[in-house]
Amino acid sequence: MGYQFDFSMVVKILPVLWRGVLVTLELWVICLAVGLVLGFFVSLARISPFAPVRLAGRSFVELFRNIPALIQLIWFFYAFPILIGAQLTPFVAAALGISLNTAAFSAEIYRSGIQSIERGQWEGAMAIGMSRADTFRRVILPQVFRRMLPAFTNRAVEVAKVTSLASVLSVHELMYQGRVLSSTYYRPLEILTTVGVVYLVMIYPMTWTSSALERRMRRKA
Amino acid sequence: MQQYEWDFGAVLAYWPMLLHGLWGTVAISALAILFGIVGGGLVAAMRMSRHVALRTIGTAYIEFYRNTPGIVHFFWVYYALPVITNVKLGPLEAAVVALATQSSAFYAEVLRGGIQSIVRGQWEGATALGMSRADALRRIIVPQAARRMVAPFVERSFEIVKTSSLASTLAYGELLYQGMQIASITYRPLETYSLLALIYFALLYVLSSLAKILEDRLQEA
Amino acid sequence: MSEIAPSTTDAPILRSENLRKSFGPIEVLKGIDLDVKRGDRIAIIGGSGSGKSTLLRCLNFMELPTGGKVFLEGERIGTVRTARDGSQSVTYSERELMSVRRRVGMVFQQFNLFPHMSSIENVMEGLVTVMRRPKSEARARAAHELERVGLSDKLDVYPGRLSGGQQQRVAIARALAMDPEVLLFDEPTSSLDPELVGEVLRTILTLAEDGRTMLLVTHELGFAYRFATHVIYLYDGVVHETGTGEQIFRNPQKEKTRAFIARSSEFSL
């Protein structure tokens, strides 16, 4: 146990890790944005009055939720290009996989949110002559967003963690930089610990927000 | 674009490798679930301990794992931990340690939720029925808490099965790693990874159907 | 109600002929004829499950009738299609239903206010999204309606912070803002604490003084007696007896009506 933790190593690698952080953030923001928007439309498909549309939505969700995210990323990088006959960069493949994965999980958040709104809200709006579309947009959705905010921030946390899998495709994000540095300097303890701490610092504010929101909602209810 | 000629036969010829991989996935998952539950009990006990120090450690443990990606844990256990302990772990051991420590954090939260619902339990209703506290605990409060814990418990265990695919990054021969080998032997990544996705999907879908049956049984009981 | 009271000459605003509604195999409304003239105030009474709510909900097409005809200002609601085999069916366009619901307002037992909007925003909502009024105009109109129900001091308060009686008055203001030709009330005081019932009933009475056309489902028979120009006793999906308040409450002709009124303990004229 006489190992000396080399703090100078931590300082030395920080600039490289910072470059990784920027890529992680980029991937995070893109996948979260695309996933939340796409997930909304998938949730609409999930509650559609047309059975085939409903089935398509359900299949999408089940497929992406029941397959490990890592397999999805690898599939989009190594398999999907053969299908479409065009090579994807690692970043695009990773972004595609994570976005669709996020869409599947957020679709379920939207869906349970929409279904949790009482029928009376639809009726109250219908009774003043509002269209279904207007009712959905002005009455139902704002309440869904409010009610599901903790679940959405939770999803954001998960997405941040999933971006680390892109290192397997050699996307130059934080985990990838950590892996490369660790094998370059033979200092895995210092380097991998630092990577962990950087993730912690990046993600913790999000989980904190999520639980704070949850606590606040429980107090209100 | 030229029509791609699918050939699952070339991939399926290597079915013994896939079977071996499936076994690896099941082994890691089962061990991690087992140790994870034990560890989860310990962490939950610390988290709810009367002693501030233990409580702080428990909380820190849970927060650390909630806020860092799984792949970091895998690499840290495999490459960094031996630096401290001077014991080199094999890929299987490392994967199980990483998964089990990580899932103890999540199981601990499931247990805590269940135990808290026992503490908050509906004593009034039960004692109003003329039951003794012990009877109420055994016949009403504990079964209710157990029922409430089944769903999150099953969900966590699914996460473990999916996360076990990360062991491939340590070159352990679970399903994904075996698939990667087959893909490079056959030059058929599209078929191989699609098949892998299908196997995982089937595995998790079957498990989730079983879990649903179990849950329904418990609901009736 | 032309057959029971010598009424004004103008045509009915709202009229139903042989109105029927089934849920699956169960027929809840078994052919209801109704004539509502301008200024009529009709109280609908009857036992639980007799179809009172369903009748109201069919009149503003929250539920689609499964048979019969509904006329609003003399115009038949829905489009009749004749299939090749000669059978007829009625279809409704969403546009038409929206317009009917705007013209036939409804106030619910559970208020159904929008919790994420303040009182005034609740009342403005229909003016802005349905009537396409400019915001400033809608705001002025909404403030006016809230003043009418005695809530000028609660404009920016959210429903969660209002009492049940106040919430119901906001709901009434929200309905009034749409200038409905007929206003439907489905047990507007049933979910209120007893001490809050009075303020809502008083609000409804002031609407009566303004000459509004209203249909009210209620278990408050005493109020129905004071409020109504006509009373309908609904039994098992049909109009069992109808007449003025005086006729129905003081001198019911049918055995079941008499029994129902005798059973309703809260009835004190």
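Per-chain residue numbering starts at 1, and chain names A, B and C are given in the order in which the chains are listed.
Note that in this section a contact is a pair of C-beta atoms (placed from the backbone, for glycine too) under 8 Å apart; a residue touches a chain by one contact, two chains touch by 3 or more.
Just so it is clear, the structure is predicted and the values come from calculations on it, not from any experiment.
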### Task
Quick one: label the inter-chain contact graph as line, ring, star, complete or other.
line
### Task
Name the most central chain, where centre means the mean of Cα atoms.
A
### Query
In angstrom, rounded to a whole number, how far apart do the mean CA points of chain A and chain C lie?
48
### Rounded Å distance, chain B centre to chain C centre (Cα mean)
56
### Query
Cα centroid separation between chain A and chain B, in whole Å?
19
### Query
Quick one: in the complex, what on chain B touches chain A?
1-2, 4, 63-64, 66-72, 75-76, 79-80, 83-84, 86, 162-166, 168-169, 176, 180, 183, 189-190, 192-194, 196-197, 200-201, 204-205, 208
### Task
Note which residues of chain A are touching chain C in the complex, please.
120-121, 123-132, 134, 138-139, 142-143, 146
### Message
Per the contact definition, I'd like the list of chain A residues that touch chain B in the complex.
### Response
1, 3, 62-63, 66-72, 74-75, 78-80, 82-83, 85, 157, 160-165, 167-168, 175, 178-179, 182, 188-189, 192-193, 195-196, 199-200, 203-204, 207
## Note on the structure
Per the touch rule, the chain C residues reaching chain A in their complex are 60, 62, 94, 98-99, 101-103, 105-106, 108, 110-116, 125-126, 129-130, 171, 174-175, 177-178
